[in-house]
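Chains here go by letter, A, B, C and D, matching the order in which they are written, and residues are numbered from 1 within each.
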Amino acid sequence: MSLSATHPVLLVAVPLFFAALCPVVGMWKRAACFYWALAGVAVTGFLTWTLIGKVTASHALTYNVGGWRPPFGIQIRIDYLGVFMACTITGVSMLVLVYCHRYATHDLKPERIPYFYTLFLLIFLAMIGFSITGDIFNMFVFMEIFSITSYALVAITGQKAAVRAAFKYLLMGATSSLTILLAISFLYSVTGSLNMPDISARLGSMRSTYLPVAAVALAFFVVGFTVKAALFPLHGWLPDAHSMAPSPVSAILSALVIKMGVFGILRIFFTVFGRSFSGLSASWGTLLSVLSWVAAIAIVAGAALAVFQKDLKYMIAYSSVSHIGYILLGICMLSPRGMTGGFYNLLAHALGKACLFLVAGAFIYKLGVRRISDLKGLGRKMPVTAGAFALASLSIVGIPPSAGFVAKFYLVWGSLQKGQYAFVVFILLGSLLAAVYCFRVVYYLFFTASDGPAPGVDEVPVTMWAPCALLALGTLFFGLYSGLIIPSLQTAARLLLR
Amino acid sequence: MKKALVLMALALIAVVFIYAIGKMPPMNGKDTPDKTHVVPRYLEKGEEEAGARNIITGIILNYRGYDTMGETTVIFSALAAVIALLDREKRRRSRSSVDASKVETSTVVRTVARFVLPVVVLFAVYTILHGEPSAGGGFQGGAIIGASIIIFALVWGLPEATDRMPLGARLPLESSAMLAFLAMGVIGLAYGVHFLTFILPGLSAGVAETVRSLMLTVIEAGIGVGGGIIFVSIVFAMMREDRYELQQDRK
Amino acid sequence: MSFSRIVNNFNYVFSALLFLMGLYTVAVKPNLIKKLIGLNIMETSVFLLIVSLGMVGGGEAPIVEAGVKTANIVNPIPQALILTGIVVAVSTTAVALSLCIRIHQKYGTLEAGAILGREVDV
Amino acid sequence: MSTALSVILLLFLVTTAAVAIKLKDLLAAVIVFSAYSLMMAILWTQLRAPDLALTEAAVGAGITTVLFVVTIFKTARREDD
């Protein structure tokens, strides 16, 4: 099956077809929308899967949409990192979508269900399109699709706090999008190109008087994408939006959408500007060291804020702020080890955080409780979901043999290699705080007796607990068999650094 | 306090911004980097390669058609978002606050609208189909069609408008822009060339160009109809108010 | 040198000014509708910047006519990009205004002080 | 000549933007903002962008204004101090 290898554009076109017809399916039969969306994600997942071999064989797969060669048309460019992102996106989306089946009928007005799945497919295809494109403006277009859909998904229940959070998210998101568009125009004014490798080449041969414009463009890109990624001082929108959204949506937003901001930074740093961009070397170094210190502070600040939360979903959301710090710190190390750690944490956090939010959703589904202190003794009544929570917590904290441990191991190794002992302290402190906030919940779940009688509380339906369990087992699997992916990620890092 | 902080941030951004525009290539220059790299080919070969005298149309439909597919997806996402937040109107029953007020629309407005609207729609169709040789195109025309239907809803009321443009007819048309792009793209795949390639292999030059202009027209029409209907649906969803909803159909 | 550049590039200067005005409105004005007007002003300012940089002195619109030299035609790429940009802007505005309608239903006001500052009510 | 016209248009733009930001009556602010969009449309023709002018006039001045007006009718017309 080499259809997707010859035509990688199908990764976007197939879910787009399913999204375009989802409301029509909903008009015919509301209940069919779920299966329609599931089919869309499954087919795309299959196409992504068949792509892996091809990408690893040729390092980067390129496809000229419309047959126009790169600077003239839009080129789809799938490298190691792109296919890694696409696989993470399809895998997590698939499991979250299965979970949505019961959750959506429980939480949403019936007439909104078709549009919920339409938005789900749209956000899914936009994230895939974002990670595989090789054109900077095309990236902006896909970014806008997943931004607009995520504003709506946060507020889809129509609850008071959710609408408010969505508006705050929208203001921050739209402003950061504009910052990125502004950066694109600055970059275009001095390079005259929109294709990423072509911009990189043009920057290398640019007149030196234009260097400041490129530097300002870089700064605006970084600011814009760090807002999208919710890096610590600019994270203001995240806790509200991620905790007030319906839980499956929180899972998608926290596991995947904020990673898109990180991915954008990666693309800008390595594919667009590249290390060979010698003219900026001074400001480049400053920017990286500033960014890595900000990331290090984010690790501790996010984790510390999470410790003080009384609300379960707020706690999980603040934990995301901390983990974005880990990923960015790894990227800013600019060494294969550190970057591998960052990329691996991207996967580990996507699986673990999706699991935590889905479990939080399961508690809300059964009991309607959100406060951590209300979870007493639930471990005995909902053993699978609570067990999944404990297992995913291991990965979030970074205890062997989970995937989170592997990621942090590489991060620590990378910083030791660079002689940055301060970062080791930050990473370990972050893990310590993570242990505090995660195991507090685990303690309530398993080691306290419930004080109030909660009759009739039992395990959630299988379509809800199975995704949680699979995600949790995924963190374990990728911890035990890290050798499956680590070599490819190291190659990815080396290719980016070249 | 907050204001002072914001002003400081603004001052910082202003300094950076002014610094950048001071170093940017000058306006009106002919040999700036942006005009010497990709553009010459578009200008010299655009008409022949992309099949449109209006280079912009050539770029948005052909050279960068994938972006425009994304653009139609953006506006479809906006529609899905608005409907997910505000819900659809109910045919003949949903009303806006204007419909609920006792004041009748004045005869002048009705008469003017009756004469102007057909002309507006005609102009919109012209804009859609005439995007190749002159300014205009699917999206602009679609916006004008949408605006004319919105004017209809404002003058004759939401129940009348939802009766004339029922949901069952609008809903499938909303995705027509994306479907037009996908269908035309898949034709390319079937002929063994890349997605959204409009010059199909195996056809003689004249036929291939005719096929291309046909395919581009289908996309323009799709964007026009899809964009227009999406605007109408968004405005209908925003106009309706629950508290003014009628209990029975207004016949 | 740099100063005369700035004066010559007056479109850029005005776009920077509009951008800052918009950003100020988004950040400071308490009313949500006002914030959205500010956001739209910001958007048009960015559009103005990118289209201005494609301008050619005494140039022609990018529509190929017989007898027009291609060197004298303005850069069409920014215009094509901004067509997409305008659509994105109106889409964002539509979603934001729908959220405003919902917020007004839930909170009875559109003033940020009364809405955004309120503690979580879960 | 056309430079002078552009500068006048830009000054108008800044003025209308400032007025739209300053006005307490939101409906008036939105109407001024639609004037801003129309001004922008004229500026696009000055910048030799007829397609953008058409789009800005239809979408910026037309659809966006309708959306704002509809929202203001459903919510509050005045901005509090």
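Criterion: a contact is a pair of C-beta atoms (placed from the backbone, for glycine too) under 8 Å apart; a residue touches a chain by one contact, two chains touch by 3 or more.
Treat the numbers as computed from the prediction; the structure is a model and nothing was measured.
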**OP:** If you tally contacting C-beta pairs, which comes out ahead, A-C or B-C? Let me know.
**Re:** B-C
**OP:** Calculate how many whole Å lie between the centre of chain B and the centre of chain C, each centre taken as the average of the chain's C-alpha atoms.
**Re:** 18
Subject >> Where chain A and chain C are represented by their mean Cα positions, the distance between them in whole Å >> reply: 28
Original post:
Roughly how many whole angstrom separate the Cα centroids of chain A and chain B?
Top reply: 30
**OP:** Could you give the separation in Å between the centres of chain B and chain D, each centre being the mean of its C-alpha atoms?
**Re:** 19
Subject >> Shared interface positions of chain C, touching two or more other chains >> reply: 10-11, 19, 23-24, 49, 52-53, 55-56, 59, 61-63, 77-79, 81, 83-84, 87-88, 90-92, 94-95, 97, 99-102
**OP:** Enumerate the residues of chain A that touch no fewer than two other chains.
**Re:** 137, 141, 144, 148, 151-152, 155, 158, 188-189
Subject >> Per-residue multi-chain contacts in chain B, two or more chains >> reply: 17, 23-25, 32, 34-35, 38-39, 42, 54, 56, 64, 67, 70-71, 74, 77-78, 81-82, 85, 134-135, 139, 234, 238
Original post:
Every touching chain pair, please?
Top reply: A-B, A-C, B-C, B-D, C-D
Original post:
If you look only at chain D, which of its residues touch chain B in the complex?
Top reply: 50-51, 53-55, 58-59, 62-63, 66-67, 70-71, 73-74
Original post:
Which positions of chain C touch chain A when the two form their complex?
Top reply: 19, 23, 26, 32, 35, 39, 42-43, 46, 49-50, 53, 77-78, 81, 84-85, 88, 91-92, 95-96, 99-100, 102-103, 106-107, 115-116, 118, 120-122
Original post:
Taking the complex as given, what residues does chain B use to touch chain A?
Top reply: 16-17, 19-20, 23-25, 32-39, 41-42, 62-67, 69-71, 73-74, 76-78, 80-85, 87-88, 168, 171-172, 174-175, 178-179, 182, 185-186, 188-189, 193-199
**OP:** Write out the stretch or stretches of chain B touching chain D in their complex.
**Re:** 54, 56-57, 96-98, 127, 134-137, 139-140, 143-144, 146-147, 150, 231, 234-235, 238-239, 241
Original post:
Which residues, counting only chain B, touch chain C once they are in their complex?
Top reply: 2-3, 6, 9-10, 13-14, 17-18, 21-30, 32, 34-35, 38-40, 42-44, 46-47, 53-56, 59-60, 64, 67-68, 70-71, 74-75, 77-78, 81-82, 85-86, 133-135, 139, 234, 237-238
